[in-house]
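Per-chain residue numbering starts at 1, and chain names A, B, C and D are given in the order in which the chains are listed.
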Amino acid sequence: MAVTVRFFAALRERVGRDTLTIEGVPPPSLHALRLCIGARLGADLVAALAAPEIRVALNHEFIHGDPAFSDGDEVAFMPPITGG
Amino acid sequence: MAVTVRFFAALRERVGRDTLTIEGVPPPSLHALRLCIGARLGADLVAALAAPEIRVALNHEFIHGDPAFSDGDEVAFMPPITGG
Amino acid sequence: MSHAIRIQQADFDVGAEWAELQRQLAGRAGAMASFCGVVRDQFDAQAIQDLELEHYPGMTERSIEAVLQRADARWTLDATLVIHRVGCLRPAEQIVLVMTAARHRQAALESCAFIIDSLKTEAVFWKRERSTSGERWIDSTSADHTRAARWRNERQ
Amino acid sequence: MSHAIRIQQADFDVGAEWAELQRQLAGRAGAMASFCGVVRDQFDAQAIQDLELEHYPGMTERSIEAVLQRADARWTLDATLVIHRVGCLRPAEQIVLVMTAARHRQAALESCAFIIDSLKTEAVFWKRERSTSGERWIDSTSADHTRAARWRNERQ
């Protein structure tokens, strides 16, 4: 079982990588996921990933509220977007 | 001495020509010009050329009010315009 | 600010005009907007055969120039272009091209809409439409005049 | 209604896209509007060296599709097209093309403006600008959000 985490743009640069695989039982909440990431890549990331401007997508959809994660999910942490 | 009169679109079709030259002393008013045209091409044109939707241009500028005409002037009678 | 106005019977090549404008601007303008009017194949469920466009050489150019000057006074623009065809056009043929370039997209988009809206009520052209139900001279519509009035009333 | 969305590194040919859309529509639509965003050569008096565009394959397309569906619900459109480049772009290079076609010019013009305004705040891209004063990640501006909010509040 695994959840794939992706980081983009300024966050990717800060984390130093674009993908992280969280093996084992999927984290039961967004906060638990951030703690897992912090444990693997540095505790200061927990607050950085919870910053108000960071949006989170689950399987290519922005999440609202706190979803449960399942095996095979792809979670993305995204700094402010702008196209055009 | 002469004033050139031009007719466009539906008005040109009604008059049956696109240009008329009025020789001699230029008409002292728009009404006098319309009477000259009526005398040459048919009296029913006097009212048709005075219809509210007909705009008049003198030397490529729309006129407001009643201009005096001079030798060499070009006067155009124009049905409603639309471009684009 | 460069203005260009062309009245012509021949068709125009949107891609070539676009490329030429971009070449001239070379990164100065971040935004280009354009509008192209095309002869429709139907009007009020009647099949259109053709559209005949008549103009008044000299005065027509002047009427378009007046519209571009008003656009220029209202927005900060790098370039504007109007190409308007005359003569007999068939359905699917291009009639008119408006192109604007500006540093900012709002100026490019709004001025493009302003110019085509203004051409409907102020450019010196006449159009005769031939369809299966006969011929008619086209007038600007009440919707055209409403849109033109909206630009006059709107404060930026 | 045809939607087309393309995300690509390669440049696009506005003339070819325009001609292809006109060929498909063949007189059905009387109005075509387009907008093209270009990399500017300056920002805040700093010379721009390049702009790096990053995206999230899959989610980016989905975010653009959502914008096109909202445009489609709001206006009567015959076609919409968005081409958005990614990768490293230099000043004067094209970034994005929006094209809309409709029977009426108001629908074509307004939906084109709506789509590019919505892409600024909703399309999943990130932009890093390199200039003489260093690098920065670009965020949508407060003006972008004001324009996006205007579309949400405006009743047709």
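Observations
Methods note: contacts are C-beta pairs under 8 Å (C-beta built on N, C-alpha and C of every residue); 3 or more make two chains touch, one makes a residue touch a chain.
These figures come from a predicted structure and were not determined experimentally.
With respect to subunit C, maximal separation of chain centres occurs for A (centres as means of Cα atoms). We define each chain's centre as the mean of its Cα atoms; on that basis subunit B and subunit C are separated by 28 Å.
Centroid to centroid, with C-alpha atoms defining each point, subunit A and subunit C lie 49 Å apart. Centre-to-centre separation of subunit A and subunit B, using mean CA positions: 76 Å.
Multi-chain contact residues, meaning those touching two or more other chains, occur in subunit B at positions 84. Subunit D has residues 37, 105, 116-117 in contact with two or more other chains. A complete list of chain pairs in contact reads A-D, B-C, C-D. Within the complex formed with subunit C, the residues of subunit D that make contact are 13-16, 18-19, 22, 25-41, 91-92, 94, 103, 105-106, 108-110, 112-113, 116-117, 143, 147. Those residues of subunit A whose C-beta lies close enough to touch subunit D in the complex are 6, 8-10, 57, 60-61, 76, 78-84. By the touch criterion given at the top, residues 37, 54, 56, 58-60, 62-64, 84, 95-96, 116-117, 119-128, 137-140, 144 of subunit D touch subunit A in their complex.
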